[in-house]
Amino acid sequence: MGNTFGRAFRVTTWGESHGDAVGAVIDGCPPRLTIDLAEIQRDLDRRRPGQSSLTTQRGEADQAQILSGVFDGLTLGTPIMIAVWNEDARGRDYEHLRHTYRPSHGDYTYQAKYGIRNWKGGGRASARETIGRVAAGAVARKLLETANGVEVLGYVKRVADLEGQVDPDTVALADVEATPVRCPDPAVAAVMIASIEQARKDGDSLGGVVEVVARNVPVGLGEPVFGKLEADLAAAMLSIPACKGFEIGSGLAGTRQTGSEHNDLFYNDAGRVRTRTNNSGGVQGGISNGENIVLRAAFKPTATIMRDQATVDDQGNEVVLQGRGRHDPCVLPRAVPIVEAMLALVLADHLLRQRGQVGDTG
Amino acid sequence: MGNTFGRAFRVTTWGESHGDAVGAVIDGCPPRLTIDLAEIQRDLDRRRPGQSSLTTQRGEADQAQILSGVFDGLTLGTPIMIAVWNEDARGRDYEHLRHTYRPSHGDYTYQAKYGIRNWKGGGRASARETIGRVAAGAVARKLLETANGVEVLGYVKRVADLEGQVDPDTVALADVEATPVRCPDPAVAAVMIASIEQARKDGDSLGGVVEVVARNVPVGLGEPVFGKLEADLAAAMLSIPACKGFEIGSGLAGTRQTGSEHNDLFYNDAGRVRTRTNNSGGVQGGISNGENIVLRAAFKPTATIMRDQATVDDQGNEVVLQGRGRHDPCVLPRAVPIVEAMLALVLADHLLRQRGQVGDTG
Amino acid sequence: MGNTFGRAFRVTTWGESHGDAVGAVIDGCPPRLTIDLAEIQRDLDRRRPGQSSLTTQRGEADQAQILSGVFDGLTLGTPIMIAVWNEDARGRDYEHLRHTYRPSHGDYTYQAKYGIRNWKGGGRASARETIGRVAAGAVARKLLETANGVEVLGYVKRVADLEGQVDPDTVALADVEATPVRCPDPAVAAVMIASIEQARKDGDSLGGVVEVVARNVPVGLGEPVFGKLEADLAAAMLSIPACKGFEIGSGLAGTRQTGSEHNDLFYNDAGRVRTRTNNSGGVQGGISNGENIVLRAAFKPTATIMRDQATVDDQGNEVVLQGRGRHDPCVLPRAVPIVEAMLALVLADHLLRQRGQVGDTG
Amino acid sequence: MGNTFGRAFRVTTWGESHGDAVGAVIDGCPPRLTIDLAEIQRDLDRRRPGQSSLTTQRGEADQAQILSGVFDGLTLGTPIMIAVWNEDARGRDYEHLRHTYRPSHGDYTYQAKYGIRNWKGGGRASARETIGRVAAGAVARKLLETANGVEVLGYVKRVADLEGQVDPDTVALADVEATPVRCPDPAVAAVMIASIEQARKDGDSLGGVVEVVARNVPVGLGEPVFGKLEADLAAAMLSIPACKGFEIGSGLAGTRQTGSEHNDLFYNDAGRVRTRTNNSGGVQGGISNGENIVLRAAFKPTATIMRDQATVDDQGNEVVLQGRGRHDPCVLPRAVPIVEAMLALVLADHLLRQRGQVGDTG
């Protein structure tokens, strides 16, 4: 349970890290949307392992295949099934993880909850599950772009204490993709890369913050109370592995301001109601106000490190887990397309919810 | 739409700030739970206006009434309807808000989305809506306490830059309730109170952070992927008016650590698997690990201030909104029972989901 | 659990037969719909007890009160809470039912499932619960009528073996309301009335069939597979107390025809695709085709009879339950507005779902 | 939208008749359930085309493949993805259906709703979609059998006017499978077969009724009001292509009885509360009472016939559709495993819902 996201644009991901395949089913995508497999693949390629020296070297091509819901390049309004076969899943030796709980992973909690787990590489808790999200997110992005010209763009804002200066209103995809660390501040990006390389050498790992912006968001997305856009956005981000914090607009910093400093004053911008500042991050009363949506997702340092760690096994014995195999010294660069995908899923969902709820009754 | 929270313990709140009543319907509460109206009222009293000089002086007794679902003091397993009549809703003059959008409130977005709004005091976007949550949260707390001895306790961690030192593992309700600001660090509490009083005099407002802990949480609550406990907790917090950020466990600070510093090492504590540190905040892989759940909700400074502010009206004219009437210079103290209620709702929901999903199949 | 109906137009009913009140919360009703309390009351009056000699004589005025969601006579887009206070609930003596299971009622199954029940008059399983449905249904009807001119009309088609001849395409409300039995075939209605009066004298009860038609239904309501319009309609009908069967279009009779007899041939009716026959009952492939939706709900004879019946008590003792108190010798006339309400709820729900799912993507 | 069934045991089917594959994702299946692919295949084989001369001759092996959620033969508690590749989908010529609406099929309504359809063989509205249901139903049956010994068995009760005499309490699978028509009354089965063969020769088709029984059902499945077991069962049946009617227990016939004839009297059967008759069909007040659940699904005659039929094309021209290709003169025999699957899905869903809702609170 818990594998479905969204109410009107509904995505169910499936698959374990070391099963046959992973993927997603989308239910609720409107019909007659043009689907280009290459666009889906482009996002998957930004997520996949082995794309640069900064990421894990698991060898996966992550080629998406659409099994249903698309006909002659157009969506049918029926479920869209997208699958990616696991290729590098079989050869490795996970035997040392069969009975041992890796610290700050889900091994223990899965075992305690279900009484069973796929101990080969993280199973369902693996970041590999996010393939389905990125694929579905690409469809959501296409819907948003086609219907409203909405643009979603994420980037690495901070790695450990290294924080880039980025203007969310103007940053472009080329700026983000200019370096493998996906921080569009070139000077800081260079230091980030060096830090991550050093962490790899140290067998250690780093955390940080991804920031993401959505532009051209229509006014009116989001619903009162529990369906607030912020609420769904926060859930979307915290559903990403390793995410431990969420901020929208001024976020934590804004809590240190006074109301007179923080309030976003309205003005009339050639007939359009706008705000002079955007401390609200594009959402007021839980509903988008047409300003750019800006939010941040905080990621803890990767739990897998190449060091010995004290832990227990599934019999309760205290043991030492040796660091071995591949690891991602910093998930931030690969998290960018995942964060974008989750933002796109929320917006696509609320775009369709909005259509259903606020039609003319007269 | 969007007024229901939870899947197994489902709460729907209803009511506008200046309608006849507000309240909640709970569907899914198990049968034969003892319900004491006084326990519900106790939580409502901690939330209600006018309880101290720090809060707004709207005169509401906020007396709860149970209209269904309870029989001879026990739940029936049928929907529990709890209503609170609005009493101080009628007399005031809101005429100046009929056509004017208050900055950083939901007036504009509601009007843009729905083409109509109850302009008397915030309507559905008012914090008054949270009465239903607190009432339902009291039932959830009772369920958690009865079934598992779970204890939920929140407190004000920070007001503006004033941060209290609090140990979430040991803080007690009496510590929290010792001052009207609900910060259990007495020295800091005194300064907070003075700051809030000053903000009131200045016609301004302050934000801050509420921290909340759940103790005795069973292992295994939460579901993979989108049903992660953190995801639902984040959604719960961001659904509270004025909340703009969420952290669990080490949160933002943890992103500055390395993996070797941050990982929570397992050990065997007399037969129970425990972690030496709790940077995970009691949740790993989206599932509770039995450690205390510790999270923080960040609140922006109250949008209503007693100062003139530039804004626009519903015809797009740029106008000045005068500060007048009552205001809450800092919502943090009253937010504490709301944060507790939302945490309790998430845990109660997942407790029941867990029962349904992980029964013995043999 | 299980007290909410619909996905886009969501209705949650609450209340026990002998609690303080019963009612419904509607979430998802679009904004700016004109609500006239008198229209809601008109439907409630057709459902309430004591309206004629054919029905039970419980003295309830069943006056609806709207507690939220409506402002200046228009819906706000927020939850609409409608409550009806129970008035005749207190005086009667139900003591003989405290421990005894009435045959073919829900007493035993509720007790077995929940370990508790409100034994005063049926509790949640009472037909009194349907007040909330009829009130919500009135709002749904208003939406359907305002948005699309959809008209919903039900009538008693059969009582026991007495079947009226009615043309669903032309029957009018006045025909239905011409007699207290609500069968628009006057000759048959007279015999039905006599039969029901005789059943009352015999202390016995009768069952039968309600037929309902929806006219001016837009093409395209309903969703593939599990969201088929027929599936939701069937669930809606079978959720009504005492309903044990459902047919749409040709229903059971159609299963005796051949395909060449049964198929509805398409033709072009001045530019509109129509079918020459309507064996499909207005739904093909689960989606409305613009023809009238015609369906039937089958009701067993009322379980409460004024005769002695063998049964068991909650200790397993075999006892005799004496017939006493009030009873409805035939629920069919009062079931008509309930059937109409459920049909309206399904159509309103799918009308909004349709808007959300099939917008233009270009 | 509308492609997911169930709340606790959730099944989403996907795939079009002539796409790459069809299948289902199950979310919510408890962990550690033994899955035997051969058991899934056995049910699929009873559903697949070409199994006898009575059914369509489309050549499909319908081999199921499990892509996720099962590890070492046990469920993980994660989504179970089952796929079946379409093999005979490509070669045929459907060009004559590209622009023409087949009578009493979903061609017109899909086109009207979505503005697009997969016109190759019915697309999503094809009975081929039910492969996913049968595969998921096999998992549900395994859960029911393992957890509670529940047994589900369906059979053809009636073809056109030919009705078999069958005792639902004692009929066995071997009786059902003794003939290709799956009617366990051998004499009637022979006449049914002859009738179906004649219908094939005539290029025509027949409808009828499938009856299904569930034995060893625990007391307490089902929820009040909209979650009534009958409501979900009715929705389940009416979601099957060509189903136009539903009865539970005495059904339509029961509406002709009096209450004193129809009521199921309770008695004490060696400590267990039972009813002397089972007109309720095993469900009272929407909740299972422990008696066998007996219900019937009514199927119209197959819409595809080998005769010329008047219709219109997608430009509104009145045209003649020629009968050609393969057809199923009677879907009843193949509908049996589908009906069983849907019943199993409802029961599995409510079994898990029951666990979640009615745990001990003390």
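Think of it as A, B, C and D in the order they're written, each chain with its own count starting at 1.
Just so it is clear, a contact is a pair of C-beta atoms (placed from the backbone, for glycine too) under 8 Å apart; a residue touches a chain by one contact, two chains touch by 3 or more.
As the structure is a prediction and not an experimental result, all values here were calculated from the model.
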| item | value |
| --- | --- |
| Chain located farthest away, centre of chain C as origin (C-alpha) | A |
| Interface residue overlap between copies chain A and chain D, same or different (over half shared) | same |
| Between chain A and chain B, centroid-to-centroid distance (C-alpha), Å | 26 |
| Chain B-chain C separation of Cα centroids, rounded to whole Å | 39 |
| Junction residues of chain A, two or more chains touched | 1-4, 8, 13, 28, 31-32, 77-78, 113-115, 124, 224, 353, 356-358 |
| In the complex, chain B residues that touch chain D | 8, 28, 30-33, 77-78, 143, 146-147, 224, 352-362 |
| Complex contact set, residues of chain D against chain A | 1-4, 8, 10, 12-16, 19-23, 25, 27-28, 31-32, 65-69, 71, 74-81, 83, 113-118, 123-124 |
| Residue numbers on chain C that touch chain D, as the complex places them | 1-5, 13, 101, 103-110, 112-115, 124-125, 129, 158, 160-161, 199, 202, 204-209, 219-220, 222-228, 230-239, 241, 243-252, 254-268, 271, 273, 275, 279-281, 283-289, 298-305, 307, 309-312, 316-318, 353-354, 356-358 |
